[in-house]
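Report on the following structure.
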Amino acid sequence: MDERKERELYFWLRLIREFEDRVSALDKQGKVQGGVYSGKGQEAVTVGVCHDLRADDWVFPLHRDLGAFLVKGADPGRLMAQILGKRDGFAKGKDSFLHGGDFSHGIFGATSMLGATLPVAVGSAYKFKVRKEDRVAIAFFGEGASSRGDVHEAMNFAGVHKLPVVFVCENNFYAYSTPNELQFAVEDVASRAQGYGFKGEVCSGNDLHAVMKAAGKAIHRARGGEGPTFLECKTYRYHGHSEHDRATYRTEEELVTWESRDPVERWETYLGKRKYDIASIKTETTERVRKIVDDALAFAEGSPLPEGPEAMEDLYATPVTEG
Amino acid sequence: MLVTYIQAINQAMHEEMARDDNVFLLGEDVGVLGGAFKATDGMLARFGNERVVDTPISESLIVGAGVGMSIQGMRPILEMQFIDFISCGFDQIVNMAATLRYRHGGQTACPIVVRGPCGGGVHGGLYHSQNPEAWFFHVPGLKVVAPATAYDAKGLLKSAIRDDDPVIYLEHKFLYRRIKEDIPESEFVVPIGKAALRKEGRDLTVIAYGSPVHAVMKAAKDMAKEVDIEVIDLRTLLPLDWKTIRASVGKTGKVLIVHEARRTGGIGGEIAARIAEELFESLDGPVMRVAARDTHNAFSAPLEEYILPNQEKITEAIRKLASY
Amino acid sequence: MLVTYIQAINQAMHEEMARDDNVFLLGEDVGVLGGAFKATDGMLARFGNERVVDTPISESLIVGAGVGMSIQGMRPILEMQFIDFISCGFDQIVNMAATLRYRHGGQTACPIVVRGPCGGGVHGGLYHSQNPEAWFFHVPGLKVVAPATAYDAKGLLKSAIRDDDPVIYLEHKFLYRRIKEDIPESEFVVPIGKAALRKEGRDLTVIAYGSPVHAVMKAAKDMAKEVDIEVIDLRTLLPLDWKTIRASVGKTGKVLIVHEARRTGGIGGEIAARIAEELFESLDGPVMRVAARDTHNAFSAPLEEYILPNQEKITEAIRKLASY
Amino acid sequence: MDERKERELYFWLRLIREFEDRVSALDKQGKVQGGVYSGKGQEAVTVGVCHDLRADDWVFPLHRDLGAFLVKGADPGRLMAQILGKRDGFAKGKDSFLHGGDFSHGIFGATSMLGATLPVAVGSAYKFKVRKEDRVAIAFFGEGASSRGDVHEAMNFAGVHKLPVVFVCENNFYAYSTPNELQFAVEDVASRAQGYGFKGEVCSGNDLHAVMKAAGKAIHRARGGEGPTFLECKTYRYHGHSEHDRATYRTEEELVTWESRDPVERWETYLGKRKYDIASIKTETTERVRKIVDDALAFAEGSPLPEGPEAMEDLYATPVTEG
């Protein structure tokens, strides 16, 4: 990796964190009406997986993958507008947070139903394959979502057809309050891959290098016609499940342990050891990401709320007039 | 050209797949077997196994993957081996497909067709006889069609495949081989959203769709001396062709709705309510309904007979309504 | 004892689990967390993790395992974290639970309760605002209840738990903490199948359930000088308390139905149709409806406001109907 | 095994086959109105798994497990009445074939929705476990059903709670017309067990000894609190998916190969090698099973059809009068 790329990666980690922090702050101020699901602490997963994707690849983010939106190219202003329920959000106010994707950048908006995007990702990958397009689909899901039937059906089909899809499991050890030991009886969810006839990999989701390496391999495999990979990234969310959740089901010690593995700081340490001028990189980056998020917020605040009757728009691509 | 209802369905898919190579077919046993009822006969041989996909038994995957293909520009036809199994792909239909365009603020279409054999009368029992239209009728973003003739079966399926929105296409298995019809050799489609006036009449309107249309037509004919019946075949259930209904009710002032789905919560309730709401002044009697009794579609012949609507029950209701 | 609606729900479960050790609770985050809304607060500590089970995210499993427990003599309460996710357990409800007794020729009961927060008005968007009652209203073998008060929330939940049939219990999240009521300290239940006459009146009947009952009551009060309104709170949606409806319609001759679910295919259609069918002679005007507009429950405040019924829309409809 | 038991096992194999053959013959005569799904060729699986179960254990048969009904104690006459849609069937005519179970013998009636019984079996097993009852639940399913989400959700939960359940997969290489290679990308579906934290076993489903051994171990494990087992039995159905299916998707050679592994003949060979008087055992057994099936049919034919209004019965355990 050259310096430019290493610094760019740092920029993305920081931008996501800045954006997440701002959204959390807005939520505290009562400016966000829907739920806010912070991905703070998991930035290395989305950056590591998405950074080297191509414009025509598709991502299917999970509910706290705001980072995937940003890295894959979604406009920060529109993303912020979406979170505030404004007309310039991708959903034009129809739904909140990450339920409206940005198709022009290959970003799918999930439903709330966990795991339900995996069949959709697999269908997209099926098209990429039979049309011999050199494209991949990335399906993110939590270890909690892994218990849903849809995940099973999707993986099984992907295995049969060796589809160019990477299943990225962000294992952050909790589904809301429910710890892994009540969710499954295995250490690594990725161990399920072999039951579908493809590869499972486990990596540290807080280590950008590790994620990039594993994701790179998986994406390479997908493009090469070698089929899907189940890539499990062990990570941790710092905030509660949503901003309303005080997360008393976990210990201070556990949180601090994970904070000491912070993906952003870890990258800073790395940059420092590369002998870059980390102090000035930090300052510059801070300014840069603040400005982006400030601008995004300004844009979002300036965007109008939708008007009532717009609720009836966008239901049908070819509406039938009832007569 | 003389075809059965199921041949019409088969032709529609053949023609559309030949016309547009973005049309795909996914389902259980749709390939080698040509479908449990032979609806997809000959398609694997003609279009190959990339476009005609024998899937694992995974209805949720079938619908979800269909959505995934659709956002990449494909137009998948998704077969449920029996429409009853749509319950296993329910979430993908009502929450994924039906909301796709809406939650993306109009950025995308969702041109999928979910089709499969519905309906009773063949001793299929609880899980091979269902009429699930009411569930989907309550879901904006979907379109629902239910042809009663071979002509409509073909024309509506072609329209459904070309339509940019998710369409639930309900083919009635009782009709598969029981009706044979002369349909044009040349290309035709039947537009979604338009009912068919099957018979004109002055005294009373019967609104039906799917298999019962035939019993209604027979009743109308048999009763011709008693009462002059107008018959509307809805064809599209969502959205309703309100214009055709309105015109007919304005003329006759009396309405009977007939469907094979259960009465309580069936779409007849909505239609009746809306007629009463908007055309109250035109009505000379209550809007009446003939529908399946409020139970599951039981297997044994006497039970099924008791449950389902038939010409006798229709005739009786018509008499009662006519006497208002 | 002054309790909120959600406290009433919590009390009902505590009491029933204490009373009968065959009552179990399964759901996501119902244990350590006490539920996303605290409906199950304190239950894990009191009843232990064998009876209060934090499940994986597997709605189909939750319902299916509930059925499995029920055939072994247990009475499981099955929580959907939001009722919207019931779509993921849909097949287990409509095909497994609802038909269990029927397809076994009466050999078994199926005492499960599926409960969870429904309804909008809190900017929950498409997947945290749904009102799914119409789907289940069309399924024989199920019972469906939807309390509007803390008293009923408690009494109906206790009845639902004791009932030998599968009950879908719809608790409206808008009411969770917005209403506070004095309820008896002593044991009580509210029977399934009985509506409540919330207010007597002579001019016009309003039939409602769930959250809109409160807007209706307010409208009735505010309009008292104009029109004397009778208010029926259905409480149980399946089966309907037809006796109470009939008596009221017989008296007033005018009916407005109000529900928060979408209009098309909502249960208001069935109720209206049935009233018109059976009480045609008693009606002095069309049965009217106020319901959500036919779209998904959009997130942004102005959209949701536009979609959902409210006191203003109710008042307007009442005026229109009264003028007949 | 002593001679009595060996002969008893033979009786069950033969009874099932006789019953299946009779049902197929009735179907040919147009006397059965619903679908008939013959399990002919798979008898060793149901006999091997069910024979040593206790009265208070539960079985959850799949759609061609008529054998499980018989071995677990269902009355042959009532079973035949059910198939003919008669009032004395377990379903009282409400549904056909195996959709109505016999609760007095711990036999569950499945819905048609494949895989949907697994969560129910798991729920039953949960109760057995927490009530410390020494009982097991046996969930049968086809390799085709294994692709359904319900199977995944059920196995995962069973793994978490180490439930006393045995998942018996009857892998007969086809789901209707669909061969295994289009269903999954693995050789053994049982390989999925490890992804749920329990044991997977594969055995020949046409070899009664092998099934009994593997099932015995699995049941023992379940009773001992060691949790679930995924037991995959490789087998083959001789008939088409249903009697209407001519099964042209498979070769004559394949069918004959499997017929040469016939589970009943195999057991006869074994009995012969044990030096029992196999000729007279055969004759005796033939008479015995014919009589049972004749009697069952006579009973079923004598049983009345239900009357129309009975369609409204058995919907609710506590009906509410509408008033």
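Letters A, B, C and D mark the chains as written, and numbering starts fresh at 1 in each.
Following the convention adopted for this analysis, contacts are C-beta pairs under 8 Å (C-beta built on N, C-alpha and C of every residue); 3 or more make two chains touch, one makes a residue touch a chain.
Predicted model, so just to flag it, every value in this text is computed and none were measured.
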Message: Looking only at C-beta pairs that count as contacts, which pair of chains has more of them, A-B or A-C?
response: A-B
- prompt: When the contact pairs of B-D are compared by residue number, which of C-D, A-C or A-B has over half in common?
  reply: A-C
Message: What's the distance between the Cα centroids of subunit A and subunit D, rounded to whole Å?
response: 45
- prompt: Where the centres are mean C-alpha positions, what is the separation of subunit A from subunit B, in Å?
  reply: 40
- prompt: When the C-alpha atoms of subunit B and subunit C are each averaged to a single point, how far apart are the two points in Å?
  reply: 30
- line: Separation of the C-alpha centres, subunit A versus subunit C, in whole Å, is 36
Query: Can you list the subunit C residues in contact with two or more other chains?
result: 55-56, 58, 60-61, 84, 87-88, 91, 95, 99, 102-103, 126-127, 140-141, 295-296, 298
Message: Please output the residue numbers of subunit A that touch at least 2 other chains, ranges allowed.
response: 91, 93-95, 99, 111-113, 116, 147-150, 153, 156-157, 160, 182-184, 315
- line: Seen from subunit D, its contact residues with subunit A in the complex are 147-153, 156-157, 159-160, 162, 181-186, 189, 191-192, 194-198
- prompt: What residues of subunit C sit close enough to touch subunit B in their complex?
  reply: 84, 87-88, 90-91, 94-95, 98-99, 102-103, 126-127, 134-135, 137-141, 238, 261-262, 264-274, 276-278, 280, 285-289, 294-296, 298
For the subunit D and subunit C complex, residues of the former touching the latter: 89-95, 99-104, 108-109, 111-113, 116-128, 130, 137, 149-150, 153-154, 156-157, 160, 313-318, 320-323
Query: Inside the complex, what are the residues of subunit C that reach subunit D?
result: 50-51, 55-56, 58, 60-61, 63-74, 76, 91-92, 95-96, 99, 101-111, 140-141, 143, 163-165, 192-193, 236, 239-244, 246
Residues of subunit C that touch subunit A when the two form their complex: 28-29, 31-33, 36, 54-61, 81-82, 84-85, 87-88, 123-128, 293, 295-296, 298-307
